[in-house]
Structure formats: structure tokens, C-alpha cells
Amino acid sequence: MAFRAAEYEAFEGERSRMPVWWPVLTSTLRRGWGSKWVRRITFLSMASALGITVMIYFLYQVVPNWREMLVEMGNMVLPENQEDARIDAHTYLGLLRFFVFPILLPLSLVFGYDLISADLRANAFESYFSRSITPAAYILGRTLAYVGFMLLVTLMPMLWIWAYDVLTGPDEHFAEVASVPLGMTAAMFITSLALALMIQAVTAITKSGIWTNLTFVAIFIFTAPVGGILFELSGENANFFALSILHCIHVFTATCLGVSDDLDDQYADPNLTAGVLFLIIFLSLLVLLQRLRKRSLVG
Amino acid sequence: MPPPVLELAELTVRYGRFTALDRVSASFDGGALALLGPNGAGKSSMLRSILGLVRPASGVVRLFGEDTEKKGALMRRRVGYMPERDSWVPGVSAVRGLAHLAEICGLLPSDAMLRAHDTLHFVGLGEERYREVSSFSTGMRQRYKLAAALVHDPDLLFLDEPTNGLDPRGRVRMLGLIDRVRKEHGKHLIIASHLLPDVEMLCDSVWVLDEGVMKKSETIANLTAAARGGQRVRLPRDDSARFAEAARADGLEALPGEGADEWVLIDESAAIPPDRVFRLARACGTRVLGLKAAARSLEDAFLEALEGDAD
Amino acid sequence: MSQASTPVRPAVRAMSAFAFRRRLSGLGALPNLAVAAIPTLVAVVAVIFSTDDPFGLYGDYIVPLCIYFVIPFMSMFTMLPILGELYEQGAMAYVVTRPVPRWAPLLGLFQGSFLAMLPTLVLSALLPGLILAFSGEGIATGLWLKRVGGLVAVLTVGGFSYGAVCLFLGVWSRRSILWALGLLIGWGAVIGGLPGDLRTTSPHRYLMGLADSWCKVNSRWSGMFTPEPDPPGVLASLTVLGLGSLAFFALAWLACRRRDIL
Amino acid sequence: MSAPPVIHCRGLSRWYGEVQGISGLDLDIHPGIVGLLGPNGSGKTTLMRLLTGLIKPSRGYAEVFGQRVRPDQHSIFARMGYSPGDDIHFETERAVDFLALLASLGGDSADEAVRRADQVLDQVGLLDRRTTKINAMSKGMRQRVKVAQALLFDPELLLLDEPLNGMDPISRRSTLDLVRDYSARGRTVVLASHVLHEVEAVTSQVVMLHHGRLLAEGRLDEIRELVDRKPRRVVISGDDLRSFAAKLLAEDLVTGLTFTEEGRLALDTRSLPPLLDRLAALGESGQLHGLDIEDEKLEAVFDLLVGETA
């Protein structure tokens, strides 16, 4: 009988110069995609984008001049001083409310929660940090993966709609929506970064999947009505709306799209909302680095 | 002369007010070393501070002559760690997770995948390599952890309770694997374990820790030097008690051995010749099932090292 | 069967003390205090910015805020993590292998958690009341006491019944947070606050009914939800909430016998 | 064996989804210490959980003290103590509070509960650590607290799931002593473990599980007879073994004979007792220095059994 046991072999090959956060990034993306609910949410988001483009397509089939009709109808319905009801950067800002917000919260919860609670259960930190990786590189890889996923479900469908809109629209339409790709990318990037860092910071503090989710839900949902109440109480001081993260995202996106001047006094100051987002990023980073410096993520 | 593989200088680790390691200094020149000590003696704290999982309160750790505080991340490429608690990359297959861990240690993705497959074959998880680790049994998880410690081809392995929770087959297999890694591939080993027979088989020297202090640094051969010419005797279980009576009546000291059917016979004044044991057995109508010169077991020596100090 | 041989009362009491300790010692109280701090924050802002009369403000904003959001969040914060930890980590195995019926420790858990939640519920009604009462003048202390006391009573009833819902969810499901979010916030606060026929099915309506009778308020707050046009009376509300709580206790009782402890 | 069994299972089966835990287990356990043995994943923990009503059987039933185990059959829990294999998880509790809580769940008043908690802490040698919080304890101490909580109310049946796992040798010895004393009072202890020589040290009565099925049950030497089909190997060392070997071959006592690298002689035999007698005679003449029968330890017996069926 010929028998050859699997044998251990020394590694003679070259060690790569690849930055250490890269494998963390790719692995996190792979794991995220492995989650059933993440795939479902992503599919939902892509499907709604597709749905909107299909709708535009059929509009062209039925009423080829629907863009002009929209403006005319808008002029009839809307009060005099209102602008034309045409598709421009405002429309994309509006898409945010019905298209991005309902997806952002569940995605952060499912994606973040599944990763984090699995890591805690699998005690993965011990595997990671006994190797040649620094905490900063780990956070970087992790955060970029989160951001990548959130951009995938928010920005990508938006850009898809935008591209279809521009391609089918008249030439002069491009000028109306030219600010969208860059502005939307910037806004969504900062938003995703803030959420990604926040959920990691909350985990670093609570060290529990349940508490992370509860805290995140409370911050997301509870702050909205509080902002509203304070707005009314303070004699309509709209800056109190900045308490609500969703509101901040909205105003910040408007700023990035260059339409913040049109926001009325029902919206917080754009600088303030940007400040809130950057404050979240800053504080979360601070918490994360402090926790990792104490090495307490390892448990 | 190459620098020592591991050098600790005045290493102190604290968790809050609790001192887990108190100014431990030692150096390890290579080979296989066992960390012994009761629960809470500071074994895991020592491993974790060497690996940078815990930041020492003071003191210096040098791996291969380099200060880990300064070059820790790079030095850890040459180190493999098998933690006591289960630890894996969740949500992906075993081989994918292992490749990922290898990439973190600086292997190219293609090399990493190749080695992940090879290493899993080596530890005997070849058939299971596409499964998720969360579905593994305890024994498979232990082997996976060993594979994870080996996948980036380190020079020094830290094994924290490598045979904990393994069934006999798994244990023998794990010990064999570790032994091969050491003997055939020249890895240095540092093993923390409760299971003294394992330590006896794998290691050549021990550090005995107790309450965060280094109690003893000794070679195993010295620790288990034959004691007082005693004999270790095994008998059928039913006759075991009767035999001990007879031995005592014959002026011997009979101490209980490892199992219920084993006795260690000691004569205070002289060595016991084997034929005396056989005669004793015949006298009480039983058969000797096992006989060997009673070297002190590592366990006895270990207990003595701890208790001798407590008195 | 000698099932009556083991007294149940010590079991309930001990488990209750455990849950109480768990929620109020160390950092355990922090999440609830954070929730309780929000009405206070609103009151502070009101004192600084608003010129309206504080007594009215309390009724118009603090009361609905507490009912819509403080009660559900506090119930979730109090009940879900402790149940989740006990079940998910297998710690329940130590509890249910004792010679008491399984409902006894659960009742104890509920009792202790509810008792631990009470001080924070009271705080979330009392602190804003104190702040607003001292900022304005002209309203008799008796009226203030009645309004704050009324809110405390509503919160207690609400905390009890929502706690019962959370108890059931925590015993029944691994994804209890998602269910609680759907039931308490979605069905309770949102459906109970939007106009339409559906709101009559929401438990919130009955809490608002109690608030209407006990605090003499009906929300003026226009930010999110519309006031209940026809709030139910005290008796109807208490009956519905009480029966609802009983129903969820019964469900929890069924669920605790059904769920495997791994 | 006229007394009814303490534990009685018929056709006991449990699946987790499609994963098999235990299947078709028929088992009776009588008073005394019983070692519950099996490789990892053989169903030991599943059996423990079924016996304590933590999980429900997919098929079949288990009876303890003649009563069917059900989640609501709590009266049997008064006579049973269970130490799970999982960790404690009451992290923020002090040891005495944790134990007093569990004592109260058994019906003790607050004062009684604390007294009882101290009593079991004393039994496992942790009385001086009574106010230590669980999360500040080492693995071995936590294991002892787990054993302590099973000892509350001095139960007639003690189910210990891997109690020795992670204990240092000192705690292990004292825990085994405790188990031995306990059964000496006529109680039943089911001790699940895979550190086999320790089980062997306290009992000869074992139940062996493999792949969720009952592999063997009974006294260790009875089980051993099952494997007697396999030839045994005796390794001896001594003086002038070559001439002795030649004699043995002539006497037809051995089937095979090997000199090992260390200069010892390995004898394969199918008739062990006569060979041992022959060796004893040699020993009395002073020629024999060492004697060892391979496959004699419980671990080896287990290996053989598993090897035959696997």
C-alpha cells in the first residue's frame, strides 16, 4: 500500500507588500454579501432603481413629451412663486427620502449587526490581533467595506437613474442635473462613513449585538421626533432638527448637490448639519482608537 | 550567537488593580517550552502580552531579539498563536477564513489560498475545508486553530491548551501533529497546558507560574528524576485494595497512583526489586498487570513545586 | 403530583431582585437614564426658548413624547437585553432546572425589571415637570401635581403592558428587537398616531385615552402625529390594556414551555 | 438490580434541524457513579439537556425517578442537580449571590439561601472567594462554582457535563474526591467527560456514546471482554529476554513477538491470563524489570470500540 500523509511544508515564497487593511476589506465585503438579508436589501434597492427607469421608459412610450407636460401641470397645481416642476437636483434630493432612508437603517442594522455579533461569537478579534495587523489598519479595512456596501445600495442606484435620465432627456436637461453625480457621491460617502464609524464605536462600547442594535435604533428613530418637538417649542428654530440624523443627511446632501439655498426655514443650517456628521465621525474615531489602544475590543 | 527566541524583562501585566504577572524575567533559547501553573497563574496573560493582545503595564518583551513594543506587528509574522478559546473568521468557509488570516500576515492571495488548503490537509481537515467553522465539533475546531497558527509558516508557535476538550483519539492526533511540526520542521514551541502527560511528551523544559510569579524554570528531565527506587504497579481492579493491604503489611508504603487500580510502592530504606512485587501479588492471589520503576510524574513534581512554596 | 411542594414566592422574589440589581447597578441604569433625560432636555429647551405657558407645554409636548417614545424604548431597553442574554448564552439552563414552574422565574424577571424601570419612568415625567413648574408662575401646585401624577400613572400602566409585550417577544424570538420595533413603534406609536381607521386597533390609543382623562391633555404637537379625536374612557382603556397584558403573559407562558434552551 | 432505575430512556432521539444529536437511545442508569463517555459531538451534552428538560425529544422519552421529563415536570428537579457544559454567564453577580439566587429558585427564603450557598461553596473549597464576582474568576474557579450550584439541596442525582474541563490538577483531584464521597452516600452521579483516566479513577461503570448512539454500557471489564477478540500486546523489559522469548514460542503462548528499539520485548497473545502467570514466574526469579499491557486503559478500550464500529 502506498501511503503519503498530507505533509506540512515550509513557505519559501515572497511576502507581499500589500497593505494589511486590504484583506480585511475584501473579507468583510465577502462576508457581508454572504448575509441573506444584505443581499435582499441590496436587491430591493437595485430593483427600485430599475423600476424607476422602467417607469420613465413607459412614460416615453405613452406620453413622449411628458417632461413638458410635467412642467405645465406643475404650473397649474403649484402656487405662483414655486419653481417649475421639472426633474432637477431637487428631484434627486427627494429620492433620498423615499428611496435611501428606508434602506439605510435596515442595512446598517443587518450588515453591521451580523458582522459584529458573528465576530463576537467567533471571538475573531483574537485571531486578528495576534497577527501582524495594527488596530488602525483593521478599522480602516472594516470601515471602507461598510462604506462600500452602503454606497452600493444608495449611490449606485441613484447614479443608474441619473444616467438613464440624462440619456433620455433633452440636451439642455444635463445642465439641470449636472451637480448630481459628484454631489451625491460626496454626500453619500460622508454619510456612510459616519454611520459605519458610529456603529463600530457603539459596538466597541457595548460589546453586545443586542445593545448595539438597540442603541442604533434609538439614535435613529428617537432623535427625529425630539428634533420636531424642539423645533416647535423654540418658536421654530430649525437648527434643532439637526438632532435628527436623517435630517442632517438630507440637508447635507442638499448642500452637496448645491441646492441648499432653496431649503426653507423648516430645515437646519447646512453648516450645522455638516458639523453634526463630522462630529459623529470624529467622536466615533476617537472612541474606536481609544478602545483599541486599550486593546479592550479583544475582550 | 543568535538572540534568544523569547526574552522577558521585568514583564508586568495588570487588569485594573489585579496584577496578573508580576515582574517576570526569563529567556527561552528555542526548542519546546511548557508553561505550567494552576488556573489564574498568569499563563494566558503571559502569552497574550507577548502577542500584543494585552498591553503590559511595564517591562519589555523581545521576540527574536526585537522589542515587540516597537516592531510588534512585523515580528508577529514569525509567530503563530493557537488561542485557548475558539476563534475563527465567521461567515466564510474554513479554507477561505484561513487564507484570509494568511493574507494578513503578508502572504499573496494565491499563496495564501494554496497554503490554507495544504495546512488544512495537514491537520486532517481536508474533507471539511469548505464547511464553516461554526459547524465544527470541538475536536475539529482545535485542529482548525492549529492550522490557523501554522498557515503563515511561523518560526515560533504559541499553543494555549492545545488538547483541551479533545477525545482520546483527537488528543493523540493533536499531540502527534504538534510533535511533527516541532521535530520535522524545527518550529519552536511554547505550550500552556494543564494536561501534564502532554507536556511531558512534547516539551523539554518548563516554566512554572503561580499567582503571576515565576516559581521555577527547569528541564523536564530534572523535574521527573526517578525517586527513591519505588515501583508503580497495576492490578485487576477487584484485587487492587487487597494488594495494597498486603504491601503495607509487608512494610511498604502504598500510595494511590493515577487510576483506582494503580499503586506506587515505596520503601523508605531501599529500592524495591521487581521480584518482590511479583511475590507479593502471588501471595494475595492476583496478577500483576503493569510494573515500572516509579519515576515521579510531572504532576507530582508540579504539585510539589507549588505546595513546597506555600508551606 | 407534589407540584405545590416548592414555594413559588421565594423564586419570584429572588429572580426579581436579580433583574432589579442587573438593571440598576453599575452602568446598567445608563440606557434608561439616557431615555429619561430626553423629556428633560425638551423641558430645558422649552424654558430657554419658548414663551408659551409651561403648564400647557407640559401637556402638549412632554406627555405625548413620553407616551409615544419613552414607554416603548424603555420597555425594550429593560426587558429585551436581559432575556436575550439569558436565552442566547444558555444561562437560562441554570434557572429552569430548578424545582419551580418555568413561569415563576420569568414572572420574577418581569417584576424586577418593571420595578427597576419605574424610577426612570417617574424621572422622565417628574424632572420636566419640576423644571417647567419652577420656570413659570400662576398655576396652582395642585394642578401641577395632578398633571405630573397623571402622567406617572399613565407611564406606569403603559410600562406594564408594553413590558408584557417585550417579555413575550424576548422569550419567544431570537430577533426580538425587530419584532419589538415593529410592534411597539410601528403598530403602537406610528399607527396609533396617524389619522385613519387603523389607529383604533393600536394600543397607543388607550394610553392616550388615559392621558386624556388623567392629565387633561390632548396633544397639540403637530410635528409628527395627529391628536386622537375621540379618546376612549378610563374604564375601557384600563380594561383593554389589562386584558392585553394578560394575553401577552399567557403567550409568554406558552412560549417559555416551548422554547428549547441550547 | 431490583430497584427501579434512576434514569430510564426508551427510543430517546433528538435532531437539531438535520443535525443528529441523539438517536434511539435505550438506557437505564442505576445509583452509583456512571461515566458518560464519547468523542466530541457524540451526543453527551444533548443527552444531558434531554434529561433536564431543557430540550424536548424529537422521539422517544426519558424518565427520571420514574417520572417523565417535561419542561413543566419541575418536581423532579428538586431531586436533581445539573452542571451544564456551558459557561455560567451571570458575569456581574458575586459567587454567593449567584448561588443564593439559584437556591431561592428551589424555594429557600433569603437567609436560608445564603446559608445554603455558603455551604456548597465550602464543599468545593471556594468559601474564601464567596464575594468574588463571576467575571473575575478563572476558568477553573468558574467550573467549581458550576459544580457548587449543582450540589445545592443535596440532590439524589447529579448530572455533571464536563466538570473537569479547564480545571488545574489540584481542583481536578478535589472535585473527583467530592464526586466519590457523594456517591458513597448512595447517590447517583452521571459524569460526562473525555479526560478518560479521571473517569476511570472514580468509576468502573460507563456509558459510551458514539454518533448519537449507545456504543457500550456496563462495567468497564465487561466492556473490555467485548474487545477480547483483538489480540493483546504485552510489553516487557528485563534480563536475558532472548532466551525467554524462545521458550515462550515453544510453549505456544504468544502469536507474535517483536523486539522494540528500546530493547524491550513485545508479545502478542490471544490467551492473556496464562501468559501473565508465566510472566509472574519469570518476575519472581528477578529477571523481569517492567511489564505493561497495551490496550488496557479505558482510552484504549474506547479506541478499540470506536475503531470497530466506525
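Should a chain be cited, it is by its letter among A, B, C and D, assigned in written order, with residues numbered from 1 in that chain.
Methods note: a contact is a pair of C-beta atoms (placed from the backbone, for glycine too) under 8 Å apart; a residue touches a chain by one contact, two chains touch by 3 or more.
Since this is a predicted model, take the numbers as computed values, not measurements.
Chemist: Using the touch rule from the top, work out which pair, C-D or A-C, shares more C-beta pairs.
Modeler: Of C-D and A-C, more C-beta pairs in contact link C-D.
Chemist: Need the most distant chain from chain D, centre defined as the mean of C-alpha atoms.
Modeler: Centre of mass proxy via C-alpha means gives A as farthest from chain D.
Chemist: Quick check: how many Å separate the C-alpha centres of chain C and chain D?
Modeler: Whole-Å distance between the two chain centres: 49.
Chemist: Mind checking the centre-to-centre distance between chain A and chain C? Centres are C-alpha means, answer in whole Å.
Modeler: Computed from C-alpha means, the inter-chain centre distance equals 32 Å.
Chemist: I'd like the Å distance between the centres of chain B and chain D, where a centre is the mean of that chain's Cα atoms.
Modeler: 23
Chemist: Quick check: how many Å separate the C-alpha centres of chain A and chain D?
Modeler: The separation of the two C-alpha centroids amounts to 55 Å.
Chemist: Which residue numbers or ranges of chain C touch two or more of the other chains?
Modeler: As it turns out, chain C has residues touching two or more other chains at 85.
Chemist: Line, ring, star, complete or other: which describes how these chains touch one another?
Modeler: Graph shape here is a ring: one loop, exactly two partners per chain.
Chemist: Touching pairs of chains, all of them, please.
Modeler: By the stated definition, chains touch in these pairs: A-B, A-C, B-D, C-D.
Chemist: For the complex, which residues does chain D have touching chain B?
Modeler: Within the complex, chain D contacts chain B at residues 38-41, 136-141, 162, 165-172, 194-197, 200-202, 204, 220-221, 238, 273, 276-277, 279-280, 283-286, 288-293, 296-297, 299, 302-303, 306.
Chemist: Sort out for me which residues of chain A touch chain B in the complex.
Modeler: Residues 6-11, 13-16, 18, 20, 22-24, 27, 30-31, 34-35, 114-115, 118-119, 121-124, 126-134, 294-295, 298 of chain A touch chain B in their complex.
Chemist: Can you name the residues of chain C that touch chain D in the complex?
Modeler: So the residues of chain C touching chain D come out as 1-3, 5-7, 10-11, 13-15, 17-18, 21-22, 25-26, 85-86, 89-91, 93-102, 104-105, 257, 260-262.
Chemist: Per the contact definition, I'd like the list of chain C residues that touch chain A in the complex.
Modeler: Touch list, chain C to chain A: 31, 35, 38, 41-42, 45-46, 48-52, 57, 61, 65, 68-69, 73, 76-77, 80-81, 84-85, 177, 181, 185, 221-224.
Chemist: Quick one: which bits of chain A touch chain C in the complex? Just the residue numbers, please.
Modeler: 208, 210-211, 213-215, 217-218, 221-222, 224-226, 228-235, 237, 240
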